[in-house]
Amino acid sequence: MILEVQGLAKRFGGLQALDGVDLSVEPGEFRAIIGPNGAGKSTFFNTLTGLLQPDSGRVRFEGRDVTGTPPHLLARLGVGRTFQITSIFHDLTALENVQVALLAHARQVWSLWPKARALHGERAKQLLSLVGLGGALERQAGTLAHGDQKRLELAIALAGEPRLLLLDEPTAGMAAQERLESIRLVHRLAQELGLSCVFTEHDMAVVFAVATRITVMHQGKVLAEGTPAEVRARREVQQVYLGVPA
Amino acid sequence: MIEFLSQHFSWAQNPVVVARQVLAGISNGMLLFLISAGLSLIFGVLRIINFAHGALFMLGAFVAVSVLSLSPGGGWAYVGALGAATAALAVFGAAVEAGLLRRIYRAPHEFQLLLTFALVFVLGDVAKLLWGREDHSTSVPALLDGSMRALGLTFPSYRLFLIGAGLAVALGLWLVLHRTRWGIFVRAATMDRGMLSALGVNTRLLFTSVFAAGAALAGLGGALAAPIVAVGPGLHVQVIIDAFVVVVIGGMGSVMGALVASLLVGIVNAFGLLAFPGLAVVLTFAVMAVVLVVRPHGLFGVPE
Amino acid sequence: MKPAGRLALGAAALLALPLAISDFWIFIAIEVLAFALYAVSFNVLLGYGGMLSFGHAAFFGVGGYAAAILMKKAGLPPGVAFAALPLVAMAAAAAAAVVVGYFSVRRSGIYFAMLTFAFQMLLYAVALKATGLTGGDDGMTGLKPPGLLAQPLAYYYFALALVAPALYVLFRLVSSPFGYALRALRGNPRRLQYSGVDVRAHQLAAFVITGAFAGLAGGIFALSSGNVFPGWLNWTASATPIVMAVLGGVHSFLGPALGAAVYVVLEVLISGKTEYWPLAMGIIILILVLLMPEGLTGLARRRTA
């Protein structure tokens, strides 16, 4: 198992955002987490990655207990993440964005003297080409189109050489066609690079196009889990999503 | 140990001294409250740290001094001075907000800081130009001069008046904040600015009125302080610091916090000066730093 | 003209300058050098790191006081004390910055700023009250470099010999991986965290380094102006580096240095004519903030665009 979550819980005042979430991901999986808004998906990622401290529960990455480990340490262990609201360095060029991520990964951010411009240029260009941004190297990241910014964020995440990639609504804000293209790109890269992926998603077409397994969350708990076909057939899922009467 | 205690706390044996210090502390606290309440509200609603707030206090004091020096004297002149200072500063505050501050709400924070600093420098020198370099003084109005006896001790009447005035303002503020529409908007803004425009509140008007109210409070504080303080250039630099300490301890945006913290700071200062004259100042800032580290939203503020 | 050409011209001008001006103006030039370092180091924190400190004057002041105490109270021969001055000023300021920074970077935005402010006021109070060490309200006066270095011309070159390399070191810093990460941090600390960087440690390091260089500037200035006062640490002093940086332009590395030069020269010229320098400064700041937010270098850039 590359990721094992047991009984993860998180409360905000009166709201039990996560109510004992159990999840296991095998290496190579392309796992989708679906659920209505407020099901706790983003909170799950935030608590998993140490941005929030869990109230209880355990998180294991590659067998190692990483419960509550802060994001920067978890990143060094091999977990990457993208955000629902695209999270890039707007004032830097696309190339610099990836260079920074590479410098961070190479533990060079404490290097005070060498000229950073000359470092990791080739690898950065490589990563940008991989996500389809080879022609936008010198563009200021903030001026890129929404879809390109998402690709850039993917490149930044890949720069950390993660073995597990967490993607929070990777196709948010895109038109239908772009969404499928986008998730297929991620899927292809994951297969090429041997990554395991867990992504949250609203669009069922996207989910059923690429997911190997699906976890359904509802009100902070896992409602159902299984292959796409299994999940689609489950009554509870139909109730929650399609309003089928009990 | 006994040495230490006797050196620093011998005054505690003398009830007259203790009572006098408590009174001084509370009355100073009330003046501090008048400055801090405005500062806190301005921060809570406009999210601006108004470094020029001390200058507004100073201007209030100067206006009061001028009005009193021009008038025949007596109780009504004093009331007139208080009113003039409050009104003048309200108008001035509105002008500053509408003319200057409004333009930089969307600018990076360093610009907002610089603007209020610029006001400090400009107003300080303008006061010098208008009122000269010397300290002015004005006397306590005859009606409030003298002292009163209670509990076998004598208290300066003006100090008691200040406490009364401070409490009256605090009560008035509470009523306005909790019983008027304006007050509700102000409190809402302190908690969540974004919601206000969504609710259709005229935020422009609200901001101007809040700044004007804060300035008016400072002006009133200055006018009330005029009889017991040396009113000269440089006043605006001294008073703001204690006000910051109060706002931090009480919680930025909370009037209740400003009241509690002002009294605390006033009393602690009064006794601190007795017990540890050298250290009192250092301690004040140490406490400010500790609060910011441990509980930045202070006693009554809203956690970010 | 290419940047290298401009730089060479600038260097030549700086070297030749003191030979063409009176002693009085050499002292001013030394002040400009010190404040240029002060402003540029401050801007590494603000313009590059996105951290607005209300308390940077504390480190300039600590550096100044460290220099003064070293020269007057350490009981060392003047030559030895003076030789140790740059290091001592930087070390003292860095030490203060470690303590202030450690607590301040745990918060961000306005609380970070207020914390730095509170610590500066704390240090101000110490400077005011620790009369035995700091001279209290009177400050410390009669500071002089030893022997020939007390000559303005000689001290100018001494200051230049410290400031120019210091600026170069800061330039290499912002161009380094550390600097890249700092710029990234300004834009999106969370993204940087998730890329494996301990953001708080990075901010603390930037805070300490910039504080140390501000301290160096303070030490240099203390010996040229001959004195140090608690006023260097008063809250009104915290605006000075901000004004210089914004005046010059926070988006360029040397912009703040230009801002420092203009600020110092303006202060000298205006203070010479009137006692209302604060009024003038306030008006200049208002013009800057309301009409010239990009600063002088920003104006120049727009002209050439």
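The letters A, B and C name the chains in turn, as written, and every chain counts its residues from 1.
Here is the rule we use: a residue touches a chain if its C-beta (ideal position, glycine included) is under 8 Å from a C-beta of that chain, and two chains touch if they have at least 3 such contacts.
Computed from a predicted structure; not experimentally measured.
**Q** Specify the chain most distant from chain A by Cα centroid.
**A** With centres defined by C-alpha atoms, farthest from chain A sits B.
**Q** Which chain would you call central, comparing Cα centres to the global Cα centre?
**A** So the chain sitting closest to the middle is C.
**Q** Determine the centre-to-centre distance between chain B and chain C, using the mean Cα coordinates as centres, and give it in whole Å.
**A** Chain centroid spacing, chain B to chain C, equals 33 Å.
**Q** Centre to centre, by mean C-alpha position, how many angstrom separate chain A and chain B?
**A** 51
**Q** Whole-Å distance, chain A centre to chain C centre, using C-alpha means?
**A** From the centre of chain A to the centre of chain C is 43 Å.
**Q** What residues on chain C touch chain B, complex-wise?
**A** 46, 52, 54, 103, 106-107, 109-111, 113-115, 117-119, 121-122, 124-126, 128-129, 234-236, 239, 242-243, 245-246, 250, 276, 278-279, 281-283, 285-286, 288-290, 293
**Q** Inside the complex, what are the residues of chain A that reach chain C?
**A** 49, 51, 70-73, 75-76, 80-81, 83, 87-92, 96-97, 99-101, 103-105, 107-117, 119, 153, 156-157, 159-160
**Q** Can you tell me which positions in chain B touch chain C when the two form their complex?
**A** Interface residues on the chain B side: 47, 49, 51, 100, 103-104, 107-111, 113-115, 117-122, 124-126, 128-129, 237, 240-241, 244, 248, 278-279, 281-282, 284-286, 288-289, 292-293, 296, 304.
**Q** Going by the contact rule set out above, which residues of chain C touch chain A in the complex?
**A** For chain C paired with chain A, touching residues are 172-173, 175-181, 183-184, 186-188, 190-199, 202, 205.
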